[in-house]
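The same chain A turns up in both complexes below, where it pairs with chain B and then with chain C.
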Partner chain A sequence: MNVTSSTVDTITLIEATGSIDSKTAPDFERTALTAIQGQSEVIIDLTNVDFLSSAGLRVLLMIYRQVKAKNGKVVLVGTSEEIQDIMANTGFLAFFSLAETLDEGLTILKTA
Partner chain B sequence: MIENRIDYYPTHEHQGIKFRRGHALPFGATMVANGVNFSIYSSAATSCTLVLFERGEAEPFAEIPIPDEFRIGNVYCMIVFELDYERLEYGYRMDGPYNPAQGHRFDPTKILSDPYAKVTGGRDTWLAKPNWDNIYPYRSRLAFEDFDWENDHPLETPIEDLVIYEMHVRGFTQHPSSGVKNRGTFSAIRAKIPYLKELGINCIELLPIYEFDEWENSRESPTTGEVLVNYWGYSTVNFFSPKAGYAATGKFGMQVDELKTLIKELHKAGIEVILDVVFNHTAEGDHRGHTISFRGIDNKTYYMLTPEGYYFNFSGTGNTLNCNNPVVRNMVLDCLRYWAADYHIDGFRFDLAAILGRAPDGSPLSNPPLLESLAYDPILAKCKLIAEAWDAGGLYQVGSFPAYGRWAEWNGKYRDSARKFLKSESGMVREMVQRLIGSPDLYSQRGPTASINFITCHDGFSLYDLFAYNEKHNEANGENNNDGANDNNSWNCGWEGETDDPAINFLRHKQVKNAFAILMVSQGIPMVLMGDEVGRTQKGNNNTYCQDNELNWFDWSQLEANADLYQFARRMIQFRRHHPVLRSPTFFQYWDYASSGFPDISFHGTKAWNCDWSESSRSFAFLLCGDHAKQGIVKDDMVYVAMNMYWNGLHFELPALPEGKRWHLVANTDMGYGEDSFDVGQEPELENQTDFLVGARSIVILIGK
Partner chain C sequence: MERKTFPGTLDSLADIRQVAKEEAQRVGLSKKAAYNLMLAIDEIATNIIVHGYEEAGRSGSVDVVTEVADGQLILTLEDDATPFDPLQRDLPGEETFTQPLEERPIGGMGIYLTINGIDEFRYEFVNNRNRNIFISRIGEK
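Entry: the complex of A and B
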């Protein structure tokens, strides 16, 4: 798992690759929570994430809760069908907007 | 905010694993800072070893004997550091005496599940072939307990307003015709919430969802060659873990989140969730059974034992949980509190609940501490508590179950009376009336809310089969048709099994409608068996506990094939929910305390105000005065119901309505599809306001408005 963060206009972009499970989730959490400090528009790019375990889903929800506290919004980009299915079954999907591409994600946030 | 504590740091090390003394409470495995707190009790073990596995591995990666100085009383506890919460599987080895005559059956070669485990792995996908050589088949795991409930809250619907739908998680959507993703799972029930709402029920009661092993006693069917399994699941492996195989995400270990999501969504739709819980025995069987957990941890505490050290069998399944032992009682209480608090469960139905009132020696207690504890528990205070008030040891407590003002019961007498009345037995009018008014003969002190009314449940014939079979046909179960009940009070309407005789088929459908009508106009709480609203058939099998196939699965194509039944059932449920006069929290008083000119209830017959109570009578009518609804607090219409189970039609003289009100037709089961019932607000006014010809074996419902 590898995770990076950057800023596009006012939007915070977090990109992860690989598997986010109990071993890698703490890394993901540290990087992501630092990056979103004080931010209200966040995109998490999961295009290159092949698996999200329960611990990984929980980090996503923690990001959502922090951004939500600032009346912000979190968009997930490139979420695979399998991950979407898992997220739907376990209720996590309801908290997020979904976009297929980064551009689409940016549009969702800008028009929100 | 506390950022550091002394107990965040290890003091001991074994095989490279760091640990320290733990906390005795809570029992089970709890995530703490940097580690996991393990706590387990045994009254007679001489030592306890924690066994740790990486998920799915054949051999443990560590075994840590819990140092005796970590033991507090009879509780072994230890914090272990740097474990992978998600990948960890754990169990225990307990050493101690092996002396069955004294109740001890310790066996340190066995790895034992934690009775308090919140997740149990090993049967992660329904009927996935297990590795039979696994040294530890049912593996305790950790659960994340931080589910985001948002603003969800148990619904606390007044019990008299419930319409309960008894459902099997897998059976509801496993049939290919269900048309949903992830068939047979919690997630698939969520996809069918719109159907449940349309049907109009406001509570589902799930057959056991505590972890069980569908492979238990599995074998081949002699008639079909199919594998027969433990489909119903009345055989608990672990009381705190949801059945992984019922979750689409069970293979990822996410069943806890999936089930909670289902409950949250059901609550949003106004639907309560009651769990059918099995605290009378466990999956360990008798002395020949497997040692999974309880037997190897503390046999004498967990089970009712004969003086010789064998297992009492009041459950009919090999062993009996010793639930009035103070330690076991606390476990049951902890378990129910956990489900109520962490899963937002609205109520519990207790399988073979009479056992919960037995002392450790098996004798019935007059004041059973477990039942009392549950009734007065602060966390369970708003939960519905429902007893199946009998057991397999001959204790039958319908009407006498120790209720403490809290407990309702499955009213087995309601089922028997309604069935006999429906098949036109003589001498049933008085009996049927008792059931319709909430069984005051049984529950005089408790009120009609003590009575869960049902005509069918998972155990026995489906409603359609009740009118298609005189005898049970259980050959597919492989027990030479010796299993299942023989006193079904069923009637095949003239032919055993399927027929293309239109008259017989019409009568069967009419009888199904009659049953729905009776159920929905009765005081008390109606319970509908999944699929009865579309005429689900089990082909005459009245004990389908082992059938994971079309005998049990809800066939969604029946929604069209039996559209008449579905429409009638839906309208009857709608009728009940629209008319509070049918849902009184208290018994009738038989007088006009609302000064309306009518008593709250009155009885009629072919002559108004004149009911034939004689032995030969098979018909009667009753009138509910809407001004007395909910003890006169709300206004409702007048409701008149005529039931004629005589084999000829009878003219019923209608009681005269107050000035300005007219009789309207809600239902007439003698009519065909489209004319047998009407939606609320669409009831046609009767041309003849003084007399109604009620057909043979038919029920007519009118409202005066």
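Entry: the complex of A and C
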């Protein structure tokens, strides 16, 4: 797993690649939570994430809570069908906005 | 029956998932069933490694045993940690998953995903080993 963060205009973009499991989730957590500090517009790009376990869901939950405390919004980009199913089954899906592409995700935040 | 042995560390998770993925593809499980099996195996293997070995200050292996019988793919995780039946812990109920994310408790999600993602999950303690058994019916969606 690899994770990077960057800023596009006022939006914080976090991109992960690979598998997010109990081995790799701490890296994802550290990078993401540092990057979103004080931010209210956040995109998590999961286009290249092929696996996300409950350890990864836990990090998404922490991201959501931190951004929500700023009355912000978290958009997930490129979430695979399988991961979307898991998020639906655990009631996670309703709390995030979903976009298929990064452009679409940026549009959602800019017009919010 | 085929047995593969992995060190009981988090570094092994990717390899353990890979066994599940390859077996699922070999017997022709759907993409969704294959993913849910990988997830179930990952969640239980994580519990074994983190709670059974690391937190208990023990070390040991995690074996993945593969068997195809009666139209079922049967994967079994075996370990030498203290007896632990995942089915004995309280599972989060429906009400947990309708709570706002700000308020909901965070534990128990892995075992919930395990049980709900595959056709049958069983636990046994045999010959001083934990056996977590994952059953997927072949030829179904």
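In this text, the second predicted complex is superposed on the first by the 112 of 112 C-alpha atoms of A that agree within 3 Å, B and C clash if a C-alpha of one lies under 4 Å from a C-alpha of the other, contacts with A are read in each partner's own complex, and residues count from 1 in each chain.
By our rule, a contact is a pair of C-beta atoms (placed from the backbone, for glycine too) under 8 Å apart; a residue touches a chain by one contact, two chains touch by 3 or more.
Here the structure is a predicted model, which means the values were calculated and not measured.
Peer 1: Given the alignment on chain A, is it a clash or a fit between chain B and chain C?
Peer 2: Aligned on chain A, chain B and chain C clash with each other.
Peer 1: Looking at the overlay, what does A:S19 touch: chain B (first), chain C (second), both, or neither?
Peer 2: After superposition on chain A, A:S19 lies in contact with chain C alone.
Peer 1: Is A:A55 contacted by the first partner chain B, the second partner chain C, both or neither?
Peer 2: Both: A:A55 reaches chain B and chain C.
Peer 1: In the superposed model, which partner reaches more residues of chain A, chain B or chain C?
Peer 2: It is C that touches the greater number of chain A residues.
Peer 1: Using the superposition on chain A described above, determine whether A:I86 touches chain B (first), chain C (second), both, or neither.
Peer 2: Both: A:I86 reaches chain B and chain C.
Peer 1: Would you mind listing the overlap between the chain B footprint and the chain C footprint on chain A?
Peer 2: Shared contact residues on chain A (touching chain B in one complex, chain C in the other): 21-23, 53-55, 57-58, 61, 65, 85-86, 89-92, 95.
Peer 1: If you look only at chain A, which of its residues touch chain C in the complex?
Peer 2: Spelled out, the residues of chain A in touch with chain C are 19, 21-23, 51, 53-55, 57-58, 61, 64-65, 68, 81-82, 85-86, 89-92, 95.
Peer 1: Write out the stretch or stretches of chain A touching chain B in their complex.
Peer 2: Within the complex, chain A touches chain B at residues 21-23, 53-55, 57-58, 61, 65, 85-86, 88-92, 95.
Peer 1: Applying the document's contact rule, which stretches of chain B touch chain A when the two form their complex?
Peer 2: 84-87, 144, 146-148, 181-182, 185-187, 247-249, 252-254, 257-258, 260-261, 264-265
Peer 1: Write out the stretch or stretches of chain C touching chain A in their complex.
Peer 2: 10-11, 13-14, 17, 31-32, 35-36, 38-39, 42-43, 46, 49-50, 96-102, 104, 106, 109-110, 112-113, 116-117
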